[in-house]
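Presented below are the structures under discussion, each in the form of structure tokens.
Look at the two complexes coming up: chain A is in both, with chain B in one and chain C in the other.
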Partner chain A sequence: MAALRTSPIFTALEAHSPEWGEHAGMRVALRLRDENAAKADTLALTDVSSLVRTGLKGPGAVQWLEGQGVPVPQGFNRWLPLPEGGLVARLARTEFLIEDGWAGGPVVRLAAALRTTVPGVYPVPRQDCAIDICGANAPDLFAETCTVPFALDPLEARIVTLTTMVGVGVTVLRHDVQGRPCWRVWCDGTSGPYLWETLTSIAAEHGGGPMGVRVLHGDISQPVAGTQGGRP
Partner chain B sequence: MTTRLPPVDGEWIDRKKSLGFRFEGGDFTGFAGDTPASALWAAGVRTLGRSFKYHRPRGLLSAANHDVNAMVQWGQKLNTRADVEALVDGMVLDAINTQGGVASDRLRILNSLGRFLPVGFYYKAFHRPKALAAFWERVFRRLTGLGRLDFSTPHIRTPKRYDYADVLVVGAGPSGLSAALAAARTGAQVVVVDENARIGGSLVYQRGGAAATLDRLRALEVELRAMPNVSLRPATLAAGWYTDHWVPLIDATRMTKLRARAVVVAGGVFEQPAVFRGNDVPGVMLASAAQRLVYRHAVKPMNTAVALVGNADGYRAVLDLLAAGVTVAAVVDLRPAGEPGPFGGAVRDHGVRVLAGHGVYEAVAEGDRLAAALVCPLDAAGNAVTGKVTRIPCDGLVMSVGWAPAAAMLYQAGTRMRFDPVTQQFVPERLGDGIFAAGRVNGVHDIEARFLDGTRAGLEAARHAGRTVEGPMPVVPAETVAPSHPWPFVSHPSGKDFVDFDEDLQTKDFANAVQEGFDNIELLKRYSTVGMGPSQGKHSNMNAIRILAKLRGMQPGEVGTTTARPFFHPVPLSHLAGRGFHPHRETPFHPRHVALGAKWMQAGIWLRPEYYEVAGESREACIRAEVRAVRSGVGLIDVGTLGKLELRGPDAAKFLERVYVGKFAGLKPGMTRYGVMVDESGVVIDDGVIARLSDEHFYFTTTTTGSATVYRELQRLNAEWNMEIGIVNATGAFAALNLAGPHSRAVLGRLTSVDLTHAAFPYLGLRETEVAGAPVRLMRVGFVGETGYEIHVPAEYALHVWDAIMEAGRAEGIRPFGVEAQRMLRLEKGHIIVGQDTDGLTTPDEAALEWAVKMDKPFFVGQRSLAILKKRGPRQKLVGFALEPGASVVPKECHLVIIDGAIKGRVTSIGFSEALGHHVGLALVAPDITAEGTALPIRVDNAYAAARVVPLPFYDPAGDRQKLPD
Partner chain C sequence: MKLLCCPVNGLRPVSEFAYGGEVRAMPDPATCSDDQWADHVFNRSGIPGVKIEWWYHLPSGVWFHAERDVVADRVLRTWMPGEEAAP
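The block that comes next holds the complex of A and B.
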């Protein structure tokens, strides 16, 4: 069956004639025709919207998550990696974002469990645009686009920052990939095209640009036939 | 002729890099590290520009970024400050504000017409006779100005940057660097900025002929540069202070918005000129300017100098001149007792003649150059004893009579300043939270005391920023000798004794202004324009205060200072404009709209298709075709911009009962209901459809522009009411479509397993199901007056569903329609748009929504107000109106209903109804003209449209279109 899900920035990626793959029912740009893999060390922006995620909030959220075997970050605005893959981010005292990793995670299970009414637990639908921003020059990009100095936060502190970037509400956390400094940025999908376009244009001034997922995250999918050389 | 000195220890120039440039048509050379002014001075050029008003020749005054008479045009870059701009190879420069060049400026004749240009002459010229105001405007525009603006200059999108620091230190002189070091040693992240090209401040150039200060600077710099938590940023101006220690930092390429936990202001002081006749002749300069020339650029400022002094700093400057090989003909000390300190002794040891209790009566020019100083004794009152004038030949005259604090940031940060009679300077009395002052701006002038004061301020700032500071604070000794002379003026009957070099203001101008009643410092500033030029009073405000104080018999502290607003120094407009961020949101269907030729319109932060352009068709034709498609076939519109909220919890229904005017407790799961929201005063603020998914789960829409506001308000209300609910803003999480038209059921039926028959899925019904395999919420709605379905789908499935519907509707000729068509369709049904058909005062009763209000509920927001308003009766009523078919005069929205000359209402919506064959509209009108058939004369330019009140809805009043057979 063809992919039913579409990334909020699919059109922007399409302009780079990518080699497409599929992940969790969504087309994923594995490699952009014009990408330079070396930029991953400088500054690269990668669409990771295909990762499935869910959210929940309410006074019973902490207890419910613990009951589901999900580790709960003890501090507000902190995150933890999940043993099954992915992460759980505590966005507020009683609000959480849970995102699977490339190989899976608990989201589907949790989302199913949330379909039945749980007292004090309210599902939060997540249809985010998610972008990984990596490389040594990423802090320069953030310094031009965001007033909060989250790039100064130490990796091991696992801090989640809710702020605005180029005027768009975003959630940010640092999760280095293959030894590279890397930040994951989520925003409402409807703001995704603007955020992506603006960030990539500024990133170009810092020696960076968009990149497919393969360089950062490896072979998360087989290529879609006929797209290895660009558009199908 | 060149006056370049042999290599000077610590000089900023690189003698290996020679740079060529042009100035006023002449070719010159300098070195990397020079400024245009220093290179020209080294080449013997003394006239660098012309003054603003009298077009007098002017040279170098401060060499400190404030020499507005030495501003030059550099191609498209105007008002380049020649005293600090780095020299660039190939520069082509011209003095600004001349007619015919700086050497032979035709407007120099104005220097002889001074008596016709009294203080306030701008105001006087414009004031009376008024008929000549336009004439004077042309004259002033021609005679004044600061450079030529080239409108073809490219738009430079200067990026902005955000930055952070525990401690921001403004000023990299002895106190600033000491503060930075002290703060950094506590572990604080420290940023040090200084507007000069290199750090060091006065340590670089106030040496007193010795190397000790330079050695101190080098030691400090080595230590600071080795500290990873210190960022040294020369050539960076801290342009102002804003709340929460937000400081804009301006460098050559950008503005950085830095937020600090604490700020140390160590910006030092501005040296102040003495006021005497001819104090603007090229060759007369501040002593610190001469020192900068010597030590930064290795330029000998003059061959023979007279030093007019009023403090120890002047003697130190004399030692620096002597070290540079300048012959000092005399030190003219305003103070009767001369200089008691070590610098005084050192100068006398060099055999320099010191004239204590003397002043400069006049600086005499030959041509445009200084030739001599006329010096005379001063009596006990400080007046010149003109019978004992002595002529001392010289080609340079340095002034060192006092200082004014660079306190603009302190003022902006709410610092209360006081005038300290000991130092003759305004000093901080009470600093704002997190603001610290150090060094000379703090009234501390002794060099060792400045190091101490910097350390103290740095430690206090670090402590404020949360760092641990142990041990006692350094104790800073108080000043005992005034570094500023209280009256550095020597009057002359012929004037030309300048107080403000930007605006060519003389001492007499102040006396005249005060005589005319402008005797308050703020009034005096505006009337005389003192301090309003490009240097913003850095060299004039203090002397203006002293003059006003003397004229009014007050102390300077009683006169006070003018307001110091950010930015306190001019910055390029390109830095302020910068790169702009203008966020917008796109629904997930955006790519399809683009492909279909959508013409866009802004709806709040969203982009929406106004209509879809068809080649060769007009806008109106396209919109009418879209309307026709919905009325006769099937159309599809993106309604994803509607706000979408989810409400869950045991109290969800109870909560809705309290925030909407209607009833929802009895709404059955699987059904929807229209809801209206009013504010506390009973005014309609939003509307939407409330869908009940289960007993404790509602999903409801808001207007496009209202979603964020409504969400915030509902959260606020729940914080107040503490009900057991959870509210989620799902606006972006769901895309939404309205599939409408008589064939909509058939099209949808091909994509879903839901039974769409009337009986199974009635009007206002709700179903959770799948469309084309994607999970959706289906709602039977009638906003556009045809059988229709709102399809709410998680955003990631949106494009898939759109494509499936368009494919499924191909046989029926499905057509996407835009906002304009939807507006017409809903108008035909008489459905209102909140915000368009209502205003900031419209109640439900006035908007023909009284049917939606259930006053018999125990409580809802605005209920009490509506009860009161009900007794008063409506102020206006929304009515439908129609024009005759073929009407030639057609109003537009907001055109007025005028009866007997009185405004009786206004049109809120209007459009041509193809279904009805004439224009229909909605209008908010006075209650007495709402009866069916009432004539509504609507003013359109100079004519009236003949409209009549008709009942609503215009189209399908029985609602038959919702009952089309299965």
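The block that comes next holds the complex of A and C.
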């Protein structure tokens, strides 16, 4: 079956002749033809836009989430991992971003529940571009592209930073993967290609580059037949 | 680099913010005269001094108040609407 969704940076990834897989109805680049997996410890950028996510806001958002069994981060701009997989991030005061993990999570259930009108709770559909940036040189990339030194925040503080990166409004949090320091960056999908192209070009100067999801996240999908190195 | 302190997100470069104008009381459109309404819609105070303004943090969508000396372009304090101003 053809994928129903397309990553905002599909075209940029296609230039790397990837081996495609499929996750949550979206083609994902499992492995790029020109990637050097050995650089993952140095600096790697991976498209994770296929992870499903939703959002909500409003004065009743905290109470509604608690009623749905979702843990609510205490304090503004904090996040928590979800027991079902994925994460919940509190953006400023009464807005939340909920994203599934690779193995699933509560997003589909919550999005369905949000279709029912609840006083003081407003759904915020999310079709973000999401990028994982990992490696020892990631802080150098951030220092060059962003004025807020969020890379200095300790992992255990689970801080969410809303700022701009190369002029694009982004939401950033640190969630280490397989012992590697890793930051997840979300931006509006329409800004995704610009953010991706700019960050990957600067990452090359720091010894890194784009990679498929397999390097960071393992076998999240089987390859789609006939896409090993060509158009899907 | 000019910095501005968002009450929610902390100290940020001013490029992350948008100016929303001076905080002004709106006349009751049901009872005010046309002249009063036109004055509210079209006219702004250009008097120099310390003013209370609306500012918007673009990445997070937070609107807040800032007390700013518009002569020196120095922000004295910022706070969330409806809350006590930070000292």
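Following the convention adopted for this analysis, the second predicted complex is superposed on the first by the 228 of 232 C-alpha atoms of A that agree within 3 Å, B and C clash if a C-alpha of one lies under 4 Å from a C-alpha of the other, contacts with A are read in each partner's own complex, and residues count from 1 in each chain.
FYI, contacts are C-beta pairs under 8 Å (C-beta built on N, C-alpha and C of every residue); 3 or more make two chains touch, one makes a residue touch a chain.
Note that the structure is predicted; figures quoted are calculated from it, not measured.
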Practice prompt. Using the touch definition from the top, say if A:L162 reaches chain B (first), chain C (second), both or neither.
Written response: second
Practice prompt. Scan A:T171 for contacts with chain B and chain C and give back first, second, both or neither.
Written response: second
Worksheet item: Is A:R93 in contact with chain B, with chain C, with both, or with neither (first, second, both, neither)?
Response: second
Worksheet item: When the two structures are overlaid on chain A, which partner does A:T147 contact: first (chain B), second (chain C), both, or neither?
Response: both
Worksheet item: Which of the two, chain B or chain C, is in touch with more residues of chain A?
Response: B
Worksheet item: First (chain B), second (chain C), both or neither: which does A:F76 touch?
Response: second
Worksheet item: chain A residues touched by both chain B and chain C?
Response: 147
Worksheet, complete the sentence: chain A residues touching chain C in their complex are 76-77, 91-93, 95, 147-148, 161-164, 169-171
Worksheet entry | Footprint of chain A on chain B - complex, ascending | 159-164, 257, 259, 579, 581-588, 590-591, 606, 640, 646, 648-650, 694, 696-697, 724, 726, 728, 730-734, 773-774, 794-800
Worksheet item: Mind pulling up the chain C residues that touch chain A in the complex?
Response: 1, 8-9, 12-13, 15-16, 57-62
Worksheet item: Touching chain B in the complex: which residues of chain A?
Response: 1, 4-8, 10-11, 26, 49, 57-58, 117, 119-120, 122-127, 143-147, 149, 152, 166-168, 188-191, 193-194, 198, 202, 205
